[in-house]
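Shared between the two complexes below is chain A, which pairs with chain B and chain C, respectively.
After this line comes the complex of A and B, so read on.
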């Protein structure tokens, strides 16, 4: 046999080097992927990989406005109480007991004594006082700031006791206590830059690489017991198709921000589960500027509410992950009233009759929506079609999300708009005093009515969210919303969380904050 | 020469100043502002006002502009409204990531062109010619948002060979083998159109070279066709191909914006896109200003080099 030539020897050596390199390499996919499996016993260790479509905006930490924010808050921070996802009955968390006195104007809270910040410092009543005061600072844009501002004084008679003094009783006080993250007073100034996020939650914040990822490690001293997971890694994946591909390929265990159509397609993939975040409902709606030509007439506004084919929108756009409503309240809300809620069912005849009664010649009405949002682009087209059926011409006006928010808050929409809102899953008063589109005193619709304002105030100043007095107050509030028709609700819908079977024990709060304190990777 | 430089410098400074004014005003002319973007849809006007005050957006525009300009002169690029970090750090990290991606893509494009260009030029096999024609057409015609999704589905979802996006969790320099796997799909996606153009150009130039008389002479001397292409024709074709490569580098940087978004690659493209969408004025201002500064600097250096090489330009400027 002839000895190999120099060229053959070089080729063989190169092939050997390549083979060695390939076998020595660890697969980046294997490093991330965990095999899917059926329900299993909790297992210690591992890192949960989460994919989110939006990056953190630290200055918005108290607004619950995007998936990264809710993810960070859910992992790092605790609250005083926690609602479960079915009732509005507060359950103990950092506060173990509470007592209302003085007709609901004084609330005394007893705190756990074993709660420690991630810095090692023990949480005391002074920290609770700081957290509530900090939340009321307008610069944080906390959604429940109106309720926080009704607290006129906070006493801290003992390290484990807090006494809240209120200007007047409010029915949504426990919404506030369920919402306010117990931030660390010593590092609160660093929250806005995202450098230090120190709380008392099950996971410690380790790092944030803007537009890239966030990492968290387990808090072994967590008062609720050390979590099973060693850590959580949140990856920012802005492209919707890439996010769907990441969960489908097993590179993330949980994808948040996947569109309804993608979620529907992923649901049939073996090893994947799609969960509707029940209890954390969102509402899609059409807003009406009541000062726009034609829309000042309540009959025209009611005609628009009748003309909307809500069933079609829920079915085609939200892929049946929700249900149509006439009022903002989800079925679990104490304000939900089936009879009232069925008022604006799709009825073209009734819509036409109301328009005829109004006798107005309507100009073309602009409909503003976020143009790069596929969900609301589809909804806008259906609305245009629905209103054309009853003789109302609509001009579609897509804008970008920042421009949209500015018009919404500045009450600058020239006609109609469509988007979603939240907070109806909490105490009904929270919606009408905290969510800007519903605010009785100043809202995007430029709608004002003494009767609506009174109804909103009465619902807010209740001592309890349930009982005959509350039911009567909510009925009046709902009637005012239906008659005023300055917002036409489309439906209650649920965020879709896509998870690998391997991730188990994942829970969430009413604000869509993930709870991984009992989660594990099987 | 110093005189020439002194004469050219003021015009460069004027261009930079005009650009700074234009950039500052144009960004603010876009409807919506950072405070609205930060506040979200349920915010009250009071909350927006508080955020505006916090960000200094309630100050007169001239004051805001002078503050920004003062910061630039003192080397302080400012802070991002939304991300919260130092812009210098953000731009530095983004630049490093974009550079890594574009250089990798450039390398892939050049290797592909060097491999396929000569093969296409020299082949007499009809099937090889058809396959390479198909590759060239597809690579040039398909936009990155199509090839990106196809690559993700094939290599990330179906075969699960490579990550679908993102960067290595422990950083670029922790494990080179992991970094290469994260880079592979975005770099190939970005490289494909450039590889297509370069391959076609190189093949065509080589075909021209192969028709030259000296090739016939070399063939008559019994040199193999492969050797003629690699050793002789390439010498004539490469300078032209390098010029094309230079032109394509600009396209590569432009394409990076889209590819970074598809593959969640945290480079300058993603930073610009998010800065504009969320009205993060300081970030966008700095990135645009940097682009202008680089352009002005390149122009200035080019003029200086020309002046150094050609005394007529230097002397003409003095008269």
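After this line comes the complex of A and C, so read on.
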């Protein structure tokens, strides 16, 4: 037998290299796509990779609920209590017990004694006093500021005891206690710049590279037990398609901000799971500046509400990950009333009749939305089309997200706008005394009505969110919202979180803050 | 004894002899390709029964069919109708912004040759404009004036002004040293007369070649700005806008993307071939 020629030897070597490479690639793919199974045993170590489509804006830490802010708050900070995602019953967190007295005007909280800040300092009642006071500072634009301001005094008789004195009883106090992050008083000044974010949460903030990533390491001294994960790495991936590709390829374990169509497609991909963040509902809506020409007439506003094809938006844009509504309340809310909620169904004839009754010649109305948000770009075009059907001409005005938030907070929209809001998943009063679009005293629509303010106050001053008195108050509040029609709700929708099977134990709060304290990478 | 005649030096003439090659080969192909796209843009919308803005009930993300040849988009609109309407928008942008940028650039470039101080100032300004990558310039301008068709036009003008300005300045500096210009000056022609009748007509040829090239760049800029979300504003169609939407639904309907891609490729290739043929025809 002749020895192989040099050419044959080279061919054989090349074939061997190719085979090895193919095997290695296959192993890598297998490693990424092998499902860990639904009930894999918790495993210590590893870093969870998260992809988000928006970067952190530290100055908006108490204002905004975008994916980056909620991710940071969920990892770094604790709150006094935590609602579960099904009921509005507060559960212990940093506060272990509470007692209401004096007709709901005094609330005494007992604190854990084993809670430490990431700086090593033990949390005391003075820190809780600072955190609540800090949240009420107008510079943060905290949406629950009106509730925070009802706290007229905070006593700290013992390091583990806080006594809140309220101006009047409020039905949403625990919404505030579930929301306010327990920030560190010594470094709070650095929050707005994103230099230091020190809390008592399961993960410590290590670094933030703007528009790139955020890194977090485990807090071994966490009062709830050291997390399984060594750390969490959050990557900012602004392009929705790239974000979807990142989770599909295994570059990230969790993707937040994936488009609804992409999430629908990813749901059928082996090794991936798409979760609707139930309990943390969002509401898509159209806002109306009631001082804009034509929109001052309630009949015109109601006509707009009738003209919206909500079913189509929910089906085609949100891919059925939600349901149409006329009122902001999700079906789980104590204020939900099916009969009232069915008032504004798509009805072109009714809309035209209302416009005819109004008799107004409407000018072209600007519709503001965030231009680089694919979901709301699509919704804006559907709204434009819907309103054109009833004879209302709309000019689309895309703006950047920072400009949009500025206009929302400053009530500067020239006509219509569309976006989503939250807070309706909390106590109903929180929405109508706090959220920028709804706040009865100052809202983005510039709508004011004594009847609406009274209804909002009555719902706010209840001692309980349930019971006949609460039901009557919420019914009146809903009626005021429907008649005023300064906001036209489109639907209740759910954020879609796409996770790889390898990431297990991921939970979330009602504010969509991820909880990785019991998460692990299998 | 035989006398040898010295070959006289060739006399530089104002207008060189042009090889009649433009309408053959690349030039013809380029003209046909661009002509096809222009015809599709002008006549096409009349042949398609759907309105490019019409949101057809229930026609969400449909694949190609006899009713909708390229399918429908995420907002239930006929993709072919939007593509054909988009061609009009792109051509309108290109044929408005590029000639305007060219005129402005040529005027500035010609003026700069009159005065040395002005020339230095203009050249440094052009350096700054040329140093900016086109898309960074586009993003910056869109941030200031907002996205939309106006932004696209302004970006194209800003991109073209320094290119045409520098091109014309170089041509003017070269031509004004030519013998026929000197001859004209010797017989007493004034500066303005020389510039208008001799220098400028003989300096514009490179600009004509650049014009075709710039039209292809304009198509690219519109597409790129649309992909970045700062191009033609919704709901208006443009080739870039249709392409951007199509990229999100490639898995559902690959033909969605093929339409705008083919049109962009044909248009850019056509303009490039015209530019090359023009360049060859002027003997460069």
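Here is the rule we use: the second predicted complex is superposed on the first by the 478 of 522 C-alpha atoms of A that agree within 3 Å, B and C clash if a C-alpha of one lies under 4 Å from a C-alpha of the other, contacts with A are read in each partner's own complex, and residues count from 1 in each chain.
By our rule, a residue touches a chain if its C-beta (ideal position, glycine included) is under 8 Å from a C-beta of that chain, and two chains touch if they have at least 3 such contacts.
None of these values were measured; they are calculated from a predicted model.
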Partner chain in contact with A:353 - chain B first, chain C second, else both or neither: neither
Which superposed partner A:380 touches (first chain B, second chain C, both, neither): second
Touched partner set for A:371, first chain B, second chain C, both or neither: second
Touched partner set for A:267, first chain B, second chain C, both or neither: neither
First (chain B), second (chain C), both or neither touched by A:154: neither
Which superposed partner A:241 touches (first chain B, second chain C, both, neither): both
Chain B versus chain C as contact partner of A:402, first or second or both or neither: first
Which partner reaches more residues of chain A (counting touched residues only), chain B or chain C: B
Contact residues of chain A, present in both the chain B and the chain C interface: 241, 399-400
Interface residues, chain C side, partner chain A - complex: 53, 55, 60, 74-76, 143, 146-147, 229, 233-235, 247-249, 251
Sites on chain A touched by chain B in the complex: 21, 24-29, 31-33, 55, 57-60, 63, 65, 137-139, 141, 143, 145, 192-195, 209-213, 215, 233, 235-239, 241-242, 245-246, 248-251, 399-406, 408-410, 419, 421-423, 434-437, 439, 442
Complex contacts: residues of chain A adjacent to chain C: 240-241, 259, 261-262, 265, 315-317, 371-372, 374, 377-378, 380-382, 384-385, 396, 398-400
Residue ranges of chain B touching chain A (in the complex, touch as defined): 30-33, 36-51, 53-54, 79-85, 90, 93-94, 149, 152-153, 156-157, 160-169, 175, 177-178, 181-182, 261-264, 266, 270-271, 274, 277-279
